[in-house]
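What follows is a set of structures for review.
Below are two complexes that have chain A in common, paired first with chain B and then with chain C.
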Partner chain A sequence: MSTIIESPRQPQQRASKGRVNWEKYGWIYMRASGVLLIILIFGHLFVNLVQGDGIKAIDFAFVAGKYATPFWQIWDVVMLWLAMIHGSNGMRTIVNDYASNPTVRRILLGALLVAAAVLIVLGTLVVFTFDPCSTLIPADQALSFCPVP
Partner chain B sequence: MPNEAVSTLTTARSSSKRPAGTLYRGNTGMWSWVLHRITGVAIYFFLLVHVLDTAMIRVSPGAYDAVMSTYRNPIMGLGETALVIAIMFHAFNGLRIILIDFWSKGAKYQRLMFWIVIAVWVIGTLGFAPIHLHNVFTEPH
Partner chain C sequence: MSTATLDSPPAPAEAPIPTFTVTMMVRRFNPEVDEEPRWQDFDVELYPTDRVLDALHKIKWEQDGSLTFRRSCAHGVCGSDAMRINGRNRLACKTLMKDLDITKPIYVEAIKGLPLEKDLVVDMEPFFASYREVQPFLQASSKPDKERLQSATERARFDDTTKCILCAACTSSCPVFWTDGQYFGPAAIVNAHRFIFDSRDEASSVRLDILNDKEGVWRCRTTFNCSEACPRGIQVTQAIAEVKQAIMFGKR
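Moving on to the complex of A and B:
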């Protein structure tokens, strides 16, 4: 009885050649986005929570002032996309680790996908369609620099 | 032969008087992994809420300011402090993971890097927490 034992470091035989190795790109994405998110999130935390009066100073006018510049619009949207995908992919790893029931696993993965898609679309729309002087804003809440209708 | 392996393992932690047992008690490698998971899940759920609360700017100034006033509540202020502390661990340990993966000596120094992560984490917490807690627990002027 002779059984061939493969060398431990034998590369795994590819089931089908030419297919994209998504897990590899997911692995790379976690590291690349992680480095960028450190810069984006620490910058975000410094400007919003450390500088000046921190959380005390955050109100509608503060955010309106930030989104008046494309710099913070792009900063926040890039941060939103990178963080949402990074977080969802991390949660996917955890679901795959602990959800042994295939149905439960599929439901949880579906929920992660829906949550990520909805919040990415919502957040992007909010940042790019935001108008501090929108006519929908009640007159008594309008910012002082907005034209009086 | 298996007994030999066991005795090697137990002498490696001779300071412990308790029997080795069968439970894996882990080491810095395991605890960094556990903390990375717990902080990651916590940050993920905050992110979901944070996108929704910021979306209130698109509703009305009153709606956004109402949400933000709940963030200035002392209990929420403590929660934010914990959140930023969690983000700092996840960030610094993430850099350690990247160094283990890509730096040729990363695996060799993973334990040292863990303690550097803890040290930078403590310094970061001491830098952030007093500023934030001061802002939370003093009246706006």
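Moving on to the complex of A and C:
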């Protein structure tokens, strides 16, 4: 059997044709999520650090109180997903800029994907399964309304 | 209106035009000798009306004939002599010495992001390859006996991008192009814009498709380096944004 040797002078190939090109949607996502993140992040900062007693109010009970309301659960999860995907996609852009070696590029992009996926899953799990009276909390730090074990 | 008459005072004897000495720092590279480019300084005697191109000519003609650079028209028309002058991309033939701070050395080097060949000359082929890829020529199926008519408003729509002289000042000022040479670059997008928004052209959807590529308009990060570099004053960043809009929402 003879092997076919490919012409070494093939013209440089741009993006693989036929495959869906997501770049446009990525670009739109960065702007759309950016607008929402302005509201979500600054709302979050205001409620946590400025409103009421400001930064002195933050303790375990403060966080537990927030996660007891569906409003803040949704707020934080939406913020988590939007910011993680926004940040990872932004880092993907930077990797595409600087990593010219295909292997290095694939490793970095893979690491980004794994990091984003793990943090999104973990964060979502925490927000929705948060138990202020978990038995893992030492008794002297337990909140007053929790049943004494 | 008064015209010059005999009784107007005689012109004063011509005073000698003042000159000044400027230090030009030129980034030299001779591929046959040098491993790396190196800076070399030249002291040049110049008039305030001289341009950077004149300074380079004086060096080449009077001090070092091996200094290599491109120029053709010397009047900002041909686009041969884009170079990095004091860290900014400009045409040497359109940059007056008196507009630069001549108390300090003037740094002149080749434009960045394209393969350096010698001194101030780079290989422009990757730049022109991107240009060719956007099909920068009129595509119309009709074969009229006379010219194709266009209203003044239709012509004004793409007037700005017709001014491009393909000097590469914009593309070689773009930080995305520096790190990723696959990016089409602002000049190719400007020249696609010139035909995309031309009412006589019928292939705008083809060009929009080409620029929707992974290395197309979405690589642009709105840095505005290109608009600042363009010696023709083209609003390059705006042209790129208009192409993005046309890809998303159709031509308007």
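Simple rule for what comes next: the second predicted complex is superposed on the first by the 128 of 149 C-alpha atoms of A that agree within 3 Å, B and C clash if a C-alpha of one lies under 4 Å from a C-alpha of the other, contacts with A are read in each partner's own complex, and residues count from 1 in each chain.
Simple rule for what comes next: a contact is a pair of C-beta atoms (placed from the backbone, for glycine too) under 8 Å apart; a residue touches a chain by one contact, two chains touch by 3 or more.
In this text the structure is predicted, and so the values were computed from the model without any measurement.
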item: First, second, both or neither for A:I41, with chain B first and chain C second; value: first
item: Which of chain B and chain C A:F145 touches, first, second, both or neither; value: neither
item: First (chain B), second (chain C), both or neither touched by A:D53; value: first
item: Touched partner set for A:A115, first chain B, second chain C, both or neither; value: first
item: Which superposed partner A:L80 touches (first chain B, second chain C, both, neither); value: first
item: First (chain B), second (chain C), both or neither touched by A:F128; value: neither
item: Partner chain in contact with A:G90 - chain B first, chain C second, else both or neither; value: first
item: Touched partner set for A:F71, first chain B, second chain C, both or neither; value: neither
item: More chain A residues in contact [chain B versus chain C]; value: B
item: Residues of chain A contacting chain B in one complex and chain C in the other; value: none
item: Residue ranges of chain C touching chain A (in the complex, touch as defined); value: 129, 133, 176, 179-180, 182, 212-216, 218-219, 244, 247-248
item: Chain C partner contacts - residues on chain A that touch it in the complex; value: 12, 14-15, 21, 23-24, 26-28, 96-98, 100
item: Contacting residues of chain A [partner chain B, same complex]; value: 31, 34-35, 37-38, 41-42, 45, 49-50, 53-56, 58-61, 63-64, 67, 80, 83-84, 87-88, 90-91, 94, 115, 119, 122-123, 125-126, 129-130, 136-138, 141-143
item: Chain B residues within the chain A interface of the complex; value: 37, 40-41, 43-44, 47-48, 51-52, 54-55, 57-58, 60-62, 64-65, 68, 71-72, 77, 80, 84, 87, 91, 94-95, 97-98, 101-102, 128, 131-132, 135-136, 138, 140
